[in-house]
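Both of the next two complexes hold subunit A, though its partner changes from subunit B to subunit C.
Showing the complex of A and B:
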C-alpha cells in the first residue's frame, strides 16, 4: 500500500515537472567561452530555478526564471579553467561542463638569471617568460616571444621562441663589454618586460709587474690589470706579491686601486719577485741590486 | 650474423622509440629527488585544495599554494561562503608528468590528466554532481621547505 502511494507521488511529481517543461536534459551551454566575455544561455520550462556555477576562481549561485535566457556579463567569469554548471528546479538537475579560455596576452612574467655575471660567457644568461592575459590566466595558445639583450656598448643579441603550455625560454651569451645590459622579452610587439643584467669584468687575463729601486726597498707596481676582453678588473681585487730570497719568503696582499696595485718590498740581491691574482700568475723579476 | 644485426637494430629502434615517447623535461636536469618532492607536494596541494573547497577554509591553501593560484582559489572560497555553497572533489585520479624545469630552477611545470567527481552542496544539501575529466597545467615554485603551486589551470 505504502509502495503504491510512493509510486503515485513520484508520477505526480514527474507530471508537474514535465508540465513545467524542465527535464533532465543537458543544458545548452557553450563549450568554451573567452575569459571576461559576455555570453548567454537559453533555458526551457517555466518557474523559478537555481543556477550554480563553480570553477577555479569563481563560484556563482543565482536565481533564474526558467524559459528566460541567462545572461553573463564580462565581469562574471574571468578565471580560465574548467567549470561545472548545475540548473536545479523542483528536484530536477540539468548540468553542463564548459571551459573558460584565456583571452589575449596582456602581461609577461619574465625571469632573467643571473642578475650579475662575468662578461664573455656563452649561454650564461637565461630568460624564462610566462604569458598571461589581463585576468592573470596563463595563455596556453602558442605565442611567439622575442628576447633581446642589449649591452652598454649598444650591440644586441636577439632570439625568439614559441611558448609551449604558456612558457618560452632562451639562453644568451654575456657581452664582451662590461656594464649594465637590458634584457627584454616581448610578445606581439605590444607587451614588453625588461630586466637589467649587470655584466662585470671576468678573471684577469694576465698580470705584469715592474720594479725599481728606492734606497733599501724595491718599489713594485702592476700594469693596469684587465680581463681577456679588455675590461678593467674591479678595484679591490687582491694582488699577491711574493719575494723569495735565500733568507726566506715575504708575501704582501695589495688590493687594486685605479686598476693597479703598488707595494714595497726589501731589496735583497738575488731575490725573485712575482705577483699573482687568484690563479693567474704574473711575470717574475730577479733582483740584482738595481737591475732586473 | 645478419639475423643478429637485425635483432640489434630492432632493439636500438625500440629504445629510441621509448625515449622519444617519454615526455621531455628540461632545460634543467631534473634529479630524481627533486622529481619525487615535486610529485609529493603536487598531490598534497590537491588534497589541501579539496579540503579548503569542501570546508570553505581558505587558510588551508597556505601550505601548498602561492601567488595567482592561491589568490584565485581564495576568491572561489570567499564566493562559495557568500553563496552558502561548498564543492566536493571526490578521489581525484591523477596522471601527471613534469614537462618543463626552468634553467634557473625557479619554476617547474606539470601536465595532469585528472578525473574526479565534483559535487555542489547548497547549505550542506547536495544539489548535484558530475564526473569531470580535465587536463590541468600546474606551475610550481620552490620555497624554503617545499614546492608550492603558483598556477593551476585546466586547459580549454
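Showing the complex of A and C:
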C-alpha cells in the first residue's frame, strides 16, 4: 500500500514537472546496479530536493540535500528491472534511467517429470531448472546448470546445459533397474535442488502359471512375474485367471502379493486355464483331473 | 392480487382433482401393495393367498405376513424378514417391493404351485425376484409355504490375508511451485467401438490401467460433426468399473440417446484418472459364467467372495465381443445380495435379443463396494 502510494506520487511528480515545462537535466546515475547492492550517486547544487525512484515493484521517495552524495543500502533496491529516477528541486528536475540486474544465483526451481515411469525408456525424464537470485529475481545471465540422475544401483547419468533467459532443460534415460532415482540440478556447485524419480518395472515379460488339485478345486499360482529387464513386477498388479470348460467360464482378478498371484477355481475335467496381466498373455493349462 | 388468488384456487383444485383420480383409479403397481380392502383372510384360492401375502410384504407388515405362512415353524420372523429385506448393507436393504405378478402353475384340492414374480426397485433401478411358491390347503384356507433362502453358516475360522493397500501423500500448499507432486496414473484406451442402437449412439470400449498404482477412472466421449463441432458429450457414469488396480482392464459404455450415427463424423474419447488410496482386497471370482440362448438371452453366473471380508454391494459388468473380437455390447447388473465370504451369489445380465447371434465371446469384471470405504 505504501509502495503504491509512493509510486503514484512519483508518477504524479513526473507528470507535473513535464507538464509545467520545467527543465530536465541528466543525473549522474550508474547505468546498472546489482539487486541488493549498495551504491551512491553524487548531486550538485544546493538546497533541499526530493528524489523519486520508480521501478517494477519498488517506488521510493526520499528527501535529499543537493550537493551531498545519495547513498543506497543493500535493502533499498532488490527487484530486478528497469527504473526511473527523478530529482526534483524547485523548478528543476534531473532524471536518469537505470537497470537493476539480478544478483548471483541463490536458488533453483527444478521441475522433474514424470515422477514415476517405467524402466529402460530413452529420453523419458525431463528436467527443467529456473535460476533465481536471493531476491527471487530470475537470473537472465547464462548459467551452466549440471544435471545428474543417479539410480538405485549407484550408476549415474550427468549432463549440463546453459540457461537461456533463465531456464535450462535436459532429457535423461530411465535406468534398467527399478527403484527411486535421485535427480539433481546444481549451479556453481553451490546451489542444489533434488527430486526423486520412481523408476518402476515395465510390462511383464512373460506370465507363467502352475496348477495343482486342491480337493474339488484347482489351486493356481503364477511364477514370480518379472519385466524384460528382470525387475519384479510390483505387488498389487492384477492377474486375470480364466478357466473355460463345457460347463461355463470362470474368471477372477487376483493381485500379486509377495511376487505371485494365487487363487482357486472349480476343478473341471477338460477345462482350459489361462492367465493374463493387462495385455500380456500367459501360458495355457489343460486340466485333466490332476494332470496338466 | 386477484391473479394470485386465482392461481391459489387453481392449485387447490388441481390437487383435489389429483387426489380423487389417484384414489378412484390407482396405478396398477400401487394397487398390488396398497389395497386397503385386501385382508389376509381372503385366501379362498391359492392365488388369493399368495397375493395377499405379497401385499403384506409390500406394506412391510412382517408380523401379519409371517403369521399367514404355513411353514412358519421352520424359521423365525427375523429370518423371514432378512430373506426379503436383505442384510449386510446389500442393495436389497434399500429397495422396496414395487409390484408383483402371480401365476398359477399347478392346482389340486390339497396343494398348488404358484409362480410369484416380485419387482423390487432401488436407486440402481428395478430388479426381478422370481419365486415358485407351494400353497397348501389347511382346513379350507390356503396358506403359503415360504421358501426361505437361509444364509449359509460358515464355520468359525481365520482367513489370513496379506493386506495390500496404497496410500497417497500429495504435495503440500507450502511447497515451492516447482516442487514435485505425485503423478496421475497412466491409463490407456485399448478398444473403442461406436454403434447405433435404440434410436441413439452408444460408444463402448475398454480402458487399461497400465501403471503400478491404483486409479480412479472415468471416460468422457464427445460426438463430433463434420465441421468439428460437438454434437453431444457424455461420460460413462456407472457403466464402468471406476477403481482400477494396476494392469486391470474395465469396459465402459457411454450412451447418447437421440443422436443418429449419420450425424457423427468422429468420436473424441477422453479418459481421466486420479491416484487414489485403494485396497487390493477382497478378491471376487466370477464362476459358472454361461450365455443363455433366446428367447430371453442372458449371461448368468455366480460371484464368489474368496476373502473373509463382506462385500456389501457388487457390480458386474459384461463385455460382449463378436467372433472377430470387436465389442458388440456392454451391459451390467447389481446383484441385490451382499457377498458373504465363500458364499456364491447368482447374477443375471440381460443380453439384447437382437445382438445374441453376434456374440462370440464375453468377459466379465466385478467392482466391489463396502459401506466403510470405497475400494
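The criterion applied here is as follows: the second predicted complex is superposed on the first by the 266 of 292 C-alpha atoms of A that agree within 3 Å, B and C clash if a C-alpha of one lies under 4 Å from a C-alpha of the other, contacts with A are read in each partner's own complex, and residues count from 1 in each chain.
Everything that follows uses one rule, which is that a residue touches a chain if its C-beta (ideal position, glycine included) is under 8 Å from a C-beta of that chain, and two chains touch if they have at least 3 such contacts.
Just so we're clear, the structure is a prediction, and the values are computed from it rather than from any experiment.
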Message = Contact-wise, after the overlay, does A:58 reach subunit B, subunit C, both or neither (first, second, both, neither)?
response = first
Inquiry  = Quick check for you: in the superposed arrangement, does A:223 touch first (subunit B), second (subunit C), both or neither?
reply    = neither
Inquiry  = Contacts for A:116 in the overlay, against subunit B (first) and subunit C (second): which applies, first, second, both or neither?
reply    = second
Task = In the overlay, answer first, second, both or neither for which of subunit B and subunit C A:76 touches.
result = neither
Ask   = Once the shared chain is lined up, is A:277 touching subunit B (first), subunit C (second), both, or neither of them?
value = second
Inquiry  = For A:130, using the defined touch cut-off, is the partner it touches subunit B, subunit C, both, or neither? Pick first, second, both or neither.
reply    = both
Ask   = Touch check for A:258: first (subunit B), second (subunit C), both, or neither?
value = second
Ask   = Same subunit A residues contacting subunit B and subunit C, which ones?
value = 111, 114, 130
Ask   = In their complex, what parts of subunit A are in touch with subunit B?
value = 32, 50, 52, 54-61, 79-82, 84, 86, 88, 93, 95, 97, 99-102, 111, 113-114, 126, 128, 130, 136-138, 140, 164-167, 169, 171
Ask   = In their shared complex, at which residues does subunit A touch subunit C?
value = 109-112, 114-116, 130, 193, 195-196, 200-201, 203, 234-238, 240, 247-255, 257-258, 263-266, 277-279
Key: Residues of subunit B defined as touching subunit A within the complex   = 27, 68, 71-73, 75-77, 79-80, 83-85, 87, 99-100, 102-104, 106-107, 109, 111, 118, 120, 122, 127-128, 130, 132, 134, 137, 139, 151-156
Query = Taking the complex as given, what residues does subunit C use to touch subunit A?
reply = 162, 164, 166, 176-178, 180-183, 190, 208, 210-214, 245-249, 280-281, 283-290, 301, 306, 362-366
